[in-house]
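Labels run A, B, C and D following the written order; every chain starts at residue 1.
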Amino acid sequence: MPGALQLILGVILLWLALGLAGVFFPRNLRLVSRVLFPAGALGALVVAGAALNALGGATQSLVLPLGLPDLPFHLRLDALSAFFLLLLGAVTAGISVFAAGYFRQGDGTPPGLQCLYYHVFVASMALVLLADDAYAFMVFWETMALSSYFLVTSDHAKAEIRRAGFLYLLIAHVGAIGILLCFGVLHGSGDYTFDTMREVQLAPFWATLAFVLALFGFGAKAGMLPLHVWLPEAHPAAPSPVSALMSAVMLKTAIYGLLRVLFDLLHTQVWWWGATILVLGLATALYGVIFSAVQSDMKRLLAYSSIENIGFILVGIGLAVIFQAYGMRALAALALTAALYHSINHAFFKSLLFLATGSVLHATHERALGKLGGLIHRMPWVAWLALVGTLAIAGLPPLNGFVSEWLLLQAFLFSPSLPHAYLNMLVPVAAAAVVLAAALAGYVMVKFYGVVFLGQPREASLATARDAGIWERAGLVWLAAGCIALGVAPVSVIGVIDAVSSQLLGKTLGASATGWMFLTPISPERASYAPFLFLVVILLVWLLTWLAVRQFYHGESRRAPPWDCGFPAQNARMQDSAEGFGQPIRQVFEPFFRMRRELPTPFDAKPRYRVTVEDHLWYWLYLPIVKATQMITRVVTLLQRGRISVYLTYSFVTLLILLLFVR
Amino acid sequence: MHLPMISQIINLLAAILLLLSFAMLTQRRILSLINFFALQGLTLTLAILVVAYSTGQHHLYYSAALTFVLKVLILPWVLHRLIRKLNVKWDVETLINIPTTMLVGIGLVILAFNVALPISQLAGTIARSTLGIALACVLLAFLTMITRSKAVPQVIGFLAMENGLVFAATSATYGMPMVVEFGIALDVMVGMVILGVFFFQIRERFESLDIRHLEKLTEE
Amino acid sequence: MNWQLYLVLGTPLLGGILLALWGHKRWAAGLNIAMSVATFVAAAALTAQIISDGPLITANEQFFVDSLNVFLVALTAFVSMTTSLFSRPYMRIEHALGKLSDNRLRLFHSMYQLFIFTMLVVLLTNNLGILWVALEAATLTTVLLVSLYRTPASLEAAWKYFILCGVGIAQALFGTILLYSASQKVLGAGGGALLWTHLAPAAGSLEPTVMSLAFVFLLVGYGTKVGLVPLHNWLPDAHAEGPTPVSAILSGLLLNVALYALLRCKVLVDGALQAPFASHLMMGFGLLSVVVAAFFLSKQKDVKRMFAYSSVEHMGLVTFAFGMGGPIANFAGLLHMTLHSLTKSAIFFAVGHAAQKTGTQIMDDIRGLIKVSPTVGWGLMLGSIAILGVPPFGVFASEFLILTSAMRQQPWATPFLLIALGVAFAAVFSKVQPMVFGETNAKRLPHPPALIPVFAHLAIVLTLGFYIPPYLVDWYRVAAKLIG
Amino acid sequence: MISWPGLVAQLTEILLAVLLAPVLQGWVNQCRAWLQNKSGPGILQPYRTLRKLFAKEVVLAHTASPLFRAAPYVVFACMCLAAAIVPILGNDLPFSPAADAIALVGIFALARVFISLAAMDIGTAFGTLGARREMMVGFLAEPALLMVLFNASLISHSTSLTTIVEHLAHLEFVIYPSLAFAGVAFTMVSLAENARIPVDNPSTHLELTMIHEAMVLEYSGRHLALIEWSAALKLFVYSCIGIALFFPFGIAQGGDAVGLVLALPALAAKLAVGGFAMALIEMLSAKMRIFRAPEFLGTAFLLAVLALLIHLLLEG
């Protein structure tokens, strides 16, 4: 009986094999969609299972006969990586099944190659989670970025998609260099295995440097402010299963890396590290949600909401660092649990929603919210399953999104016990910001769901929309079930997470004092939450009311046209548009945006209203960098003016200077 | 008793070499430039001979002969033929005006002497004190190349640099090993041939040997 | 009797002579390939022998082979072989397009072989004087190769190349003379004083001031050929205007060879000074080259010019690594030399075919290669990704080692490296992506392109990213120890 | 852990809330009528309205989806749940561990999201307009409410409502400035949340100003009845939260029957006063423009945060 690690490694090999098979039959759609992707999904399930039972067990490690001289690839499966592998496996299973029904024969990249990139992408993510030395980590990390780049640009005929891919790979690469330098700091003078890094005792300066570099590198991958610009470009550009995979799993690998460096490789935590992460996380969350509220492209909307959720996770991590720095291990465990819980939640509902948009895209060939609507009548399966995701991501009980936010707020409520005045003052404000972001998420999601699935179809072409196929449905169902299960049984989930927090913090969160039903983080009288009971009661009351109404009154109803306020010439285009729905946000948070409006004058023959909302950071941070580069380039290129005497002078002067230098 | 005498002669020749380098640096006419180059070669030959005679280093005779044949006979002759074929007898205008060039040259000489001082104290050869002059010759030739805007004078400057190197080799180390000497000579020969070919091609492409035509490849 | 050595040197020389006579025949390209293959086989044999019985000194000490230069010999022989494979169809297409006459073809073939010969001499000789002579000869042969097309641009490039490298290498000769004068006092007059095998042991007793002065001249001289900023100006012109096979071996091999010469001198100087004088100089020049070249990259319009600057950048990186010294950095440097020459030549192969397909070297006019010929497109894309240091390609391995050891030994340098690598990535990739992807404008060619070389190189580079064979490792280790 | 008196209390409480909620609404309207020198419809008017609506047949728009019909039941269920966990008479509620203060806010949010989605379901201009405005009010009101609850839970070191009430009730009487701030904030929030002047006007049908009415414009018959009822229930629950947080005295501690019996009149009295106060506020203030609402609620949010800071500064 091989260990879980060997099993997972086997699955990874299987994935690579599937990818190669795809290469050999690039245009054989039947093979790809009916054999390769389902097989990949099965493999993902196996990974999830293996990771699950590895969570309880001891850490296993393995050395591959590959890699650098005297630095072969070290692999290690401990609680942290097992947890993220569980996440990866569980989500990827659903996405792969969906993808089996999704990829079509197109003029873009042939399905076989898509299959290759896809499986290499998944495999490299799994290997990143397993890597136990700097070199292996970097190799898999960059392979992940590269394969996802090819997936993003799979429809490379479009210029904006090429631009998105370029921006993505560039930021990913720069971030990777940052991570690499971080390892350069961490490895002291020993070799590059994580084991030796754990031994190294760093001076405060070096430790801080390592922290900053790690935050930079992993933040760039996670979409942390202000390194987030690639995310809303790249995610919409990719095919929907890929967007789902990137948003659900790839961003989490960045979280994994941050945790690995912060809590595993660096033994010391400093309170202001935590504060930094906390503040950045808050900024990210607010920024993301506010921007997603004003998007009019459904996939961009979801991409920005991913930024927001990453912000939540970072907030949790920041709190955990702060608590850990002051030795309050139990509270650190609470905050960390919140962060990890939110990671897995986000993985589920965000992939669910991205896949739903994929189905909508296939059914309608339309991504602009302004041209959708009323799809709940045409595609009931997708609509109802998407409703689950919507309620979950909006953070509503009794679904999973609420649990992690609940835990996070609980963690905040304990912060007054911190022995640091400023933090005490900071934290309530932070809590308020978190709550505000959560409430805004509700706003965004109502907009998303209402505009896409409810109301009347805004275009005549939508009448021909067909519901998703059986494979796509299966994937969606799996993910929706995950959302519900995670929401209703938090105690058992936290039981799983406890393994991680005990590894990283040496303390677990006492998930429940009173049985599986009641989630009581610290103590029952302090706070408790029983989503299952919650669900039961709601359904019960619902049923009773319904029965009662039916009992005492007639259930008659008749259909009629909606009330038109005496203006009979109304049509579907007169519904509130996505821009309209975002208008209050634009009004309230005006300074956040860089807005350009085109208002029609009363005399326009064809009046049209356009509003473009852009990111200030792009203009304040990125364009200046570009300008600076261009300026330096202009200066540098003066070296090459073509005159040979000048060239000779260069070497002459160089010689003279060196001679003087030697004298 | 005659050793100081010898070294005096060598120093004299070295001084002449330096003077010739200055002359070439400031010379406007190609023909006289070539003549000066030949003269430099001759002086170099003499210097090598003196060193060879005074120290009884036999291989120095060979290198002297080599220098004479190459630098005094063949190369000047080739150059003369070239400019006759290409009829480029006109004056050479320099990029920097002459006085400035001379001032820079003097600065170079001072630097060269200072740099060479420690080495010449260490070197065990009788002509050691002239190493500074050799370095000065090299640097002056370098300057010549920089300041000339025509192809031929630039090449002459390049050859003058070779002279300076040979003189340095002689003064500092009684010449390089024979095989190396021959190698260097071979390179110079081949280089000369290739350059000859080049002159004609450049002429036929650009109707001139003014290398200010050769400034197209830039980053603008 | 070590026939391998003589075979290694004799084959290209013979090839040069033969091809000088019959280089214009139809089978000349075939002969060129045959000679290169023979050279490679001989080099392999020599390598095997060195690995088995250690260093070798022969021909009354005129030739000396240790693991440092034998690996460069093998690399040179290999790349020259693949390049000859590539140049056959390439040159035929050029000939068919009427860019080359028969005579030029002859010149090309014979000079190609002679160039290989001179480089092998540089690598194998034990005499620093001969090393200088051979390097100068290499310059002369390549001057003819660069000016092969006789276009104004190529003439200009060749002229600059000749003058700049000639002057530079003259400085190197002065440095050699100083070195000789220093070594004479220790080893006495006569030939022995320039022989590496005599110098290396006696390095400790060489006169420090003379040696430091000598190194200045040697650095300026050989550094010019390595293409270190600000001595690099000849490099982009020569790469861009010569025929593509020449560009490939120029940046794939010649730069390595010049760097090798510099390394040999550095060892002596370090031995003499017992101070990191040479190291500091090399680090400074290396870093300067990396940064400046990175910024040059973003302004390029000509594809070959761009990759020429990328060669400057990588040579700077290697120089920086050797400047840092220490087993890891030296190891990384050697590895990077190997991978750079493999990758860069592969890129030039792909670029050559791309340029032939589209009839231009201007990048804005090359579009969507992947549509018309996926192999060329992928070759270019993967090659660029590899040279930009993205795993799983091997270039990353060396950059990983260099950067991480820089972080510990020279942290002040890392910000510059970070910026430079980022800028270089942005510049190159933003140019390559539209060339490979998107809509296309390329056309069919009279002869099928030779792509085995491209993918052979890339396959090796990819493999080295995951797995470096143990004998190669020991080999690098010994070499790294030699550099100290 | 479940004690019989507790269970009794729990059930009576829910029933009480569900049955008495319309009375409160009627009382508020009556008071307002009196203050306007009108003779009001009587405090039982809401019951008559409900009976009438239940009896009517339902008219559904062609474009209505199942979601539209499910929404009223979900909202009603949410409100019952809220009523179940808020200590109204006694604080020994076996069900209260199921949800604490944060979950309470979650419940209200759930109801809000469903009603808004239902409003968007028909696809007329007004429904979406109302939904948009409702969500706008929501995303500002929720944080404020939660901050108020945080304040209380920081004082009593717990987020479970029963513990809060117990702690506050047993407090010897000290002035909590933070609670004062929180009280003001809470009042503002509850006005907004219950569609009251100055944020919304429950008795308007002028489309441009209305929020809640715009959303339920398409509802009729039993669905409308359920929505009206849950609106009343919401008002009731909010008032009870206010009482529990700021005037917890008189709420029965533990499961003693006497306490429960005594708690009832106390509750009635407090509600009467509270209702009158609300009517008075509505009388004295005018309906504000819709885009003043963010400022209004922002103020409430600020006050709540300020209350937290004050608590940490002075009382922490």
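The definition used in the following text is that a residue touches a chain if its C-beta (ideal position, glycine included) is under 8 Å from a C-beta of that chain, and two chains touch if they have at least 3 such contacts.
Owing to the predicted nature of the structure, the values given are computational and were not obtained by experimental measurement.
Seen from the Cα centre of subunit C, the chain whose own Cα centre is farthest off is D.
Subunit C has its Cα centroid 44 Å from the Cα centroid of subunit A. Between the CA-based centres of subunit A and subunit D the separation comes to 36 Å, rounded to the whole angstrom.
With centres defined as mean CA coordinates, subunit D is found 79 Å away from subunit C.
Distance between chain centres (mean CA atoms), subunit A to subunit B: 70 Å.
Counting partner chains per residue, subunit B has residues 115, 142, 145, 211, 214-217, 219 touching two or more of them.
Looking at subunit A, one finds that residues 637, 640, 644, 648, 655, 659, 662 touch two or more other chains. Residue positions 159-160, 163, 167, 213, 236, 296, 299 of subunit C are each in touch with at least two other chains. Under the touch rule stated earlier, the contacting chain pairs are A-B, A-C, A-D, B-C. Looking at the complex, you find that subunit A touches subunit C at residues 65-69, 134-135, 138-143, 145-146, 153, 156-157, 159, 162, 165-166, 169-170, 173-174, 177-178, 180-181, 183-185, 187-189, 192, 629-630, 632-634, 636-637, 639-640, 644, 647-648, 650-651, 654-655, 658-659, 661-662.
Residues of subunit B that touch subunit C in their complex: 57, 115, 118-119, 122-125, 135, 138, 142, 145, 151, 154, 158, 161-162, 165, 168-169, 172-174, 176-177, 179-180, 183-184, 186-187, 190-191, 194-195, 198, 201-202, 205-206, 211, 214-217, 219.
Against subunit A, the residues of subunit B that register as touching in their complex are 95, 108, 111, 114-115, 142-143, 145-149, 211-212, 214-220. Contacts from subunit D toward subunit A in the complex involve residues 1, 54-55, 57-63, 65, 67, 73-74, 76-78, 80-81, 84, 95, 97-100, 102-103, 106-107, 109-110, 112-113, 116-117, 120-126, 128-129, 131-133, 135-136, 138-140, 142-143, 146-147, 150, 153-154, 157-160, 163, 207, 217-218, 221-222, 226, 291, 294, 301, 304-305, 308-309, 312-313, 316.
Residue ranges of subunit A in contact with subunit B, taken from their complex: 637, 640-645, 648-649, 652, 655-656, 659-660, 662-663.
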